[in-house]
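All chains are identified by letter, namely A, B, C and D, in their written order; residue positions are counted from 1 within each chain.
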Amino acid sequence: MTNELIRLIAFLVGIIAFAAGNAAYLVWVERKVAGHIQRRIGPKEVGPYGLLQPLADGVKLMSKQLLVPDGVDPILFKVAPLMVLVPAVMSFVTIPFGEHLAARNVDLGLLMIFAFASVNVLGLLIGSWGSANKYAVMAAARVISQNIAYEIPMLLTAIALVMATNTMNLNEMVSLQAGGFWQWNLIKLTFTASPLTPIAFLIFFTTMLAETNRAPFDMAEAESELVAGSFTEYSGMGFGVFFMGEYANIVIGAALTTCLFLGGWQSPLPFLPNGVVWFLIKMYAIIFTVVWIRWTFPRTQFYALLNLSWKVLIPISLVNLIVTAGWLKVF
Amino acid sequence: MSLDVIDKSLETFVLNLGPQHPATHGVLRVKLTMDGEYIVHAEPVLGYIHRMHEKMGENRTWAQFMPNTGRLDYLAALSYNHGYALAAERAEGIEVPERAEYIRCITVELNRIASHLLWFGAFVLDLGGFTPLLYAFDDREQILDLLESVTGARLTFCYFRFGGVYNDIDDNFITGSREFIKRLRSRMPMYHDLVSKNIILIKRLKDIGPISQEMCRRYGATGPVLRGSGVNFDVRKHEPYSVYPEFDFDIPVYTEGDSMARYMVRMDEMEQSMRIIEQGLAKLPEGPVMAAKAPKILKPAKGDYYAAVEAARGSFGIRLVSDGTNTPYRLKLRSPTFSNLSLFSEACRGMILPDALALMGTLDLVIPEIDR
Amino acid sequence: MAYFNELFSGTKSLFIGMGITIKEFFKPVVTVQYPHETIPMSARFRGHIELVRDPETGGNKCIVCGLCQKNCPSGCITVDGEKREGVKGKVLTLYRLDFTKCSLCGMCVENCKPGAIQFSKDYNLAGPSREAYVFDLLKRLEGQQ
Amino acid sequence: MRLEKIKQALSSLAVTDEIEVVKTIPAPPAAEGEEQAKPTEVKEKVPQLMLFTPDYAKKGFHLDVKVASADVVQAAQLLIDQEFFLEAITGVDWIKEGQIEVVYDFNHWQTLCRVVIRTRTDRSQPEVPTISAIYSGANWHERETHDFFGVNFTGHPDLSPLLLPEDADYHPLLKDFTA
């Protein structure tokens, strides 16, 4: 029993280190990529190529006084950042990094991740409602309707996928995609399940963007309108934890996309050995696209965002679902 | 989409789009009474950067007020120098040599492109897109270097004098400008692909913030705001001054009157300004740069004079009342954004906050010019 | 049908936009790394004014006529001179420029008959207090010996 | 053409003023312009219709009409019917004559025709009816003129200070204003 316990503790430490390290260094990646897209170079002063910049940011955030303005609901104000970070880190448990590198091989892994994904929205709501700031309240109203609108297409595409591979356990799903890249769900399913899978991949990617309030859908922290949206009243580590939560969510979203569509730790060519490396490469490629999108597009208009989901994404994912069901029925 | 606001008893709250807010370029405060996300009533509050230029005008000599005109709208400062120089020359009856007129037009148009580039970057930043701002600044930097090599200043020029300009332009300014125009022409399609044709931006701007011609007339809006609502009014064509009649350029006019129309008017205006600069450089005559008999101490005859110029944001007018002494008796600065902003409270009723900010972005505000 | 082609043209415009930014991503950097590299100022750059060194006498060319003091719109120049025997005209003893109020308009340089003052080229003038910006141009000239 | 039309319309409102004219031989009653004979000076009050069409190149406007302050609203109504738009409202403090002059600038989109409407009110109690009902843009212009000169625009919806701080009771542009 003890080695199971040790294994769990080791995994726990690994996961938290992975989440914290990722949160810090994704900030660095984002600022470097944003810099080069805008023909400037991003952080360079602190350490070689600015590599120590995230540490400097971390120290700065921690040294700042955590201000709790009066007129604020103290419990909600303090709980909110945790409610964003904890579910994100929790859902790392079921992500299969490698062949045996999965903390818990949970049968309903996918369902667990989606359950946690909806909790972080609650964190944002409580945070902005707790901070009794007009801008934050407006941001809260937006974030809720945005996340509801984008939860449904995400689940629909996931269901279509689960129907095709009839397993909710991420580990099995990834092992099903063994063999070359043509075995990955993205390509295999287009021939075996439904021709709409590439579009389903795009929809899943867009909804993942919206779930983590990123890029064209950043309603939670719309700098140019709502000053800083839900995070207006937070300073010091409160803001830092929100930030880590947001980046952890992006990592989760990217990891999920790789597992479901791009065959987690499977190597693209059959003779190459599988391994964690492939998983990380694919995940960081998706994170690069997320950052790339953020620095290219303006923010969508709030109603266009909702229309996009209700009138475009949901119908297409429904069609995808029906086509998959029909295809499976026939063959 | 606009909520027809019937009675005021709805449970509304007052939101301060405070003097310190990312989307108000400068210190403008808008008191918004909001019902949820919809704006019930907006009331801009001015005066945070009011420096009383008009009183300064009354206790300085005519020539000493020139640096103040550059501080009104520091993004297109040369047009304001031009307006003041024109008014004083009209009052005193000074003849400006041909070459000086050409230099004035070329530098004013360069300044207009710089102002539009900055507006373009800041406007897309208001809508959330960060990158175009830096591309636009990259181009604008070249104009500032060009103007710095001639005038010595980058933003608040004090380059025009009554009867001409401070010093002559040299050859590398001419080659520099031609090279700049070639470069900007090659980058304009990139701007249009990245921003104008982008579906997200089109959805953000198409028929948002309609401003009708009748509203423009009641509020006295001028410049790209007016030309976005289908009225072909540009002081350079309507009331030709300096050597503008010699250039053939056309005035972009869009009839939809929404934010997209005002956006496209300014983008096309950059193209027209480039045409003017090219023709100006081609026809640049030789000769003196300063009027031969420009009086050192200006003492215009009694009476009042009015001169209007097409600044980047609209028609900038100056009314001088002189009582024959060497200091102006009264100096009225008619700032275009003052009238453009006055229609904001009527135009944004019933809109949601992001659209109201998009509308404010298309009005292209420079707050020091409103507050004077 | 408009629904679909608007959808396709929309997504196409999105991909075009991303194509542009990725092209820019690989282009060289345009910015100047300021503290390490600096750009030389153009010849006519207007820094704060400074006295011109007179090649023969090594001193300044100022005849203490006070025109610059009178012409300055914000009154930031105070000039003082004294009559010394054996010297024609006045000798400059004090030339104080209050740079906090100067708007760099050039009225002084333009109206200076003997051309005794010109624009300097230095622009990084960080100073701890307001008094740090009150320059004594005479001492500066001697300082540059 | 437009200048003639608006001139006819406004001539009914123009005020006739007594102007001291230096002249000897009684010139024919000057309807339009105003002749000035030189030889010997006799100061005479001559009724003069205050409606001039100055040369645009020298002055910058086409028509200059002086109107009684009560008729400002009527003049504004005439101008908006002929599609003029309001450019600016300027206050001028003539301290020597103890009067404040309010100058309205109008211009037209299609044809270049700048019309200037002037009114004079007494300096101690400046009263001018507001035209913000007709030209909503005048709302801000009038508030600003009130800020700087203390001209009380009767009927103005909200005459609180626009550019000066809320509790400002001083009027900076008056000639006798000491900081």
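Just so we're on the same page, a contact is a pair of C-beta atoms (placed from the backbone, for glycine too) under 8 Å apart; a residue touches a chain by one contact, two chains touch by 3 or more.
Quantities reported herein were computed from a predicted structural model and do not represent experimental measurements.
Using the contact threshold fixed earlier, the set of chains in contact with both chain B and chain D is empty. Chain centres here are means of the Cα atoms, and by that rule the chain farthest away from chain A is D. The distance from the centre of chain C to the centre of chain D, each centre being the mean of the chain's C-alpha atoms, comes to 44 Å. Distance between chain A and chain D, defined via averaged C-alpha coordinates, is recorded as 67 Å. For this pair, chain B with chain C, the centres built from the Cα atoms lie 25 Å apart. For chain A, the set of residues that touch two or more other chains comprises 37-40, 295-297. Among the residues of chain C, those touching two or more other chains are numbered 14, 17, 20-21, 24, 30.
Residue positions of chain B with contacts to 2 or more other chains are 131, 135, 138, 194-195, 198, 200. Of all possible chain pairs, the ones that touch are A-B, A-C, B-C, B-D.
Interface residues of chain D, counted against chain B in their complex, comprise 57-61, 80, 83, 85-88, 90, 92-93, 103, 105, 107, 109, 112, 114, 116, 134-137, 139-140, 148, 161-165, 172-173. On the side of chain A, the complex with chain C involves touching residues 33, 36-41, 44, 292-293, 295-297, 312. Of all the residues in chain C, the ones that touch chain A in their complex are 7, 14, 17-18, 20-22, 24-31, 33. Within the complex formed with chain B, the chain C residues making contact are 6, 9-11, 13-14, 16-17, 20-21, 24, 30, 42-46, 71-73, 103-107, 110, 119.
By the touch criterion given at the top, residues 46-47, 50, 52, 54-55, 58, 87, 90, 93, 216-221, 231-233, 238-239, 303-308, 315, 317, 319, 321, 329-330, 332, 334, 338-339, 342-343, 346, 371-372 of chain B touch chain D in their complex.
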